[in-house]
Every structure is written in C-alpha cells, then in structure tokens.
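Note that the chains take the letters A, B, C and D in the order they are written out, and that residue 1 is the start of every chain.
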C-alpha cells in the first residue's frame, strides 16, 4: 500500500510502470487518473487546498477499507495539492489483484470515497475570477452504494 | 477548555483566518458554532447554513452532535471536492 | 481510437503517459493491464495464438461499440500474441472521458468483450507439459450484462 | 464451391493443420462439419463436441446454422481466451 500527498506534478505512466512491475502475483492492474478540467478553455489555474494533519490519515483509512473489502495485492493512492494547470494530472489510484473484477471495483470504490471523504477542496481561477468547486449531490451519495452490499 | 479550531476553503475565506485557539465550554460542535456566531458577521456568514458544512474532530469526520470532551482540534469546512 | 496487436513486449506506463498527455478535454482516464498468470510459480511461458485476419477487425468493432455507448474522448486497445513470460503484460485498455463513470464502465465493457469476442487463445507451458486455457462460463456470460441495459 | 477453412488452438492441433481449402456443397457450417468428420479420426476428435466450438465466416463471429453461400473463409476454434 502506497499513499502519496504532494504538490509536485507527477507522471501517471511512471507510477503505473513502477506499480505494475512490482507485482509478483497479480493478474490485473487498474488505474484511474483525474485531470484538471479545462472549462472549455476558460480555466487559468486550479488551486487545491487540503488539511495536512488529516489527509494522510483519511487516504490510509480509505485504502485500508478497500483492502479489507477486496482481495487486493496492492493499492496506490496519490493526490496533489497546490496550484495546477489545465489538463495536469490531479490524482491517481491504482489497484492490483488476481481478479479483474476486484481490481475494477476497488478502484471505483476508492474514487467514490476520495471524492467525498478526503479533505481536499478545489478552487478554479478564470479571467472572471475564482470560485470554489461545489460538491455534487452525486459525489456525496455515491459512497452509499458501497454500504448496501 | 482550550481548543484549536481550523477552517478550510470558503469557510476559511469568510472567517478571514485558517486557525484559531478558542476558550470554550461548548459540549458539542453545534454549541461551539453558536458561540462563534456571536463573535460577528464574518462568523455568521461562514456558518449561515450548517447543512453546507462538514466537521472533523481530531482529524476524523463526524457530525455536529459529537461531544467535544477531550477533543484538541476541531475542523469546519465545506463538503470535500477531492478526486 | 488506437488499436494495436503486436508480439513485442510493451510498457503499460509508457502507453498511459502517451495516452494521458494527448487528452485535451478529458477529466478521467482509466486503464486496465492484464498480466500473465504465474500459476504459483509453475508457469514457464504462455503462448498466445491469434487469427490475424480477424483480430484487428474484432478489436475495432469492440472499441467502436464502446465509443457508441459511452461519451468517450479516446480509447486504446493493445493485445500481444506470441510467447510471454510470467508477470509480463499481456494486454491493456485505456479510456478517456469527461466523466469518471463513463471511463470506468467503458473499460470494464471492453474487457468483457475482449475476453470472449476477440480471437486470441492462450496456452500455458509448465514443467508438466502445456495446456490450452479454458474459457470460463463467466467470461462467456459476462458480455450479456451489457445487453440488458 | 471452394472455401478456405481455418482452425485455431486445440482444434488446429487435433486436425494437424491450420488451414486447408475444401471443395464442398455444404449449405451451412453444420453441413460442412458433417462432411469434414467423414475425412477421418482427427476430424471426428476435433469436432467431437460442437458446443465447445465457435465459428467465424469471413472473420465475423456467427453460429453453425449460418449459410455458407458467398463465404470465402470459415474459421473454427474453441471459445476465445483473450484479455
């Protein structure tokens, strides 16, 4: 399990290569990469604020929960904070499992929880000013689908 | 008791600072917010609609009725938008 | 849309970097990488046979179907044939979309279809001899879940 | 008519070759397989259980009842195991 919180840019491919090549028993690797929305060209920068004392703890809790629910060989969660440019990678999760379905479901689960349980807040800057990204009801209710099963 | 209170995102911007230490006898987060509102317009604006807020006690998400006893750090912020 | 059929090894990270950096409008990139099963250390090599005249056509049909069903900005499907070593990457799919759910679902769909609609056959070689990998009923029925919706 | 018949994986191994051209009047794949079975034990072994086989006509998956008229290439193989 690897949890990374950083302001520096990252290359999703470099991380995926490292993650894939360290697998000894997995048959399936799924990755999700989130990119900064460009707002049809209007976005100048995105600023991501976080709660440093809580961030690592929250990401670890989410990753540990995924490991408890699915038969995973490995999990990676990386999230950036600070200033980002349009189309830059914001965050990445990767899961490795013997089973394809487990790798897919766990990655999907991690994303749902990251969206509404990890202490990050996005602010978008355009020529017209800046605004905090609002959480959607979808994001907040998405986690409930994992509670039913 | 003395407690550290942290604010993030637009809650921080409305209040005008990210962290303060408050002396309080509040039993719950709801009580604490009621006290803070009495400090002025900035606070009332930040805490206008508490359904739009989330809270963590000692870095664990919880709800507004959670007891403050033994807690060292309260964080109040909008719904998170990571991912 | 990019379809690649090759016998040469590939690095999933190099492909993911290239795929991610060419996105201009996507906010979500999902990748799936399949690795050769090691059979608890017993596997010596895996040999993948394919039907060259049909392979490209089948992969294109599957990728086009995914593009028709989901709002995708880009799709990559790569599949190897020939001789592979344990834990080597066999194949990879990547999807890019403005929407996270579309990227996840389309990648999952591509995998279900690749398993039972693309003309590849795997043969595993151990010290005790070689055997064709049997298709599971699960693989053959997995595609039906996409027909109901 | 002359038709190319291709075999893959264990079907190819049982028959002993990957491709042959056959002269046939078979109307469907089922008819063609009946003709091929009469060629000998190798073929009967390969086509022992047709529920374990899949077929493509001119590189498109189809079923055993599909008409052969106008078809140039028939491929017979086990269920695919890609991915």
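The rule we apply is simple: contacts are C-beta pairs under 8 Å (C-beta built on N, C-alpha and C of every residue); 3 or more make two chains touch, one makes a residue touch a chain.
Since the structure is predicted, the reported quantities are computational estimates derived from the model, not experimental observations.
Undergrad: If each hop has to land on a touching chain, what is the smallest number of hops from chain B to chain D?
TA: The fewest touching-chain steps linking chain B to chain D number 3.
Undergrad: Find the geometric centre of each of chain A and chain D from their Cα atoms only, then give the gap between the two centres in Å, rounded to an integer.
TA: Roughly 48 Å, centre to centre.
Undergrad: Averaging only over C-alpha atoms, locate the centres of chain C and chain D and give their separation in whole Å.
TA: The answer is 26 Å.
Undergrad: So which bits of chain D are touching at least two other chains?
TA: Residues 83.
Undergrad: If you look at chain A, which of its residues touch at least two other chains?
TA: Counting only residues that touch two or more other chains, chain A contributes 34, 100, 111.
Undergrad: Determine which chains touch and list them pairwise.
TA: Per the contact definition above, the touching pairs are A-B, A-C, C-D.
Undergrad: Could you list, by residue number, the parts of chain D that touch chain C in their complex?
TA: 6, 8-10, 12, 56, 59-61, 73, 75, 77-83
Undergrad: Quick one: which bits of chain C touch chain A in the complex? Just the residue numbers, please.
TA: Its residues touching chain A are 11-18, 20, 23-38, 87, 89, 100, 103-104, 107-108, 111.
Undergrad: For the complex, which residues does chain C have touching chain D?
TA: So the residues of chain C in touch with chain D come to 34, 48-51, 53-54, 57-58, 79, 90-91, 111, 114-123, 132-135, 139-140.
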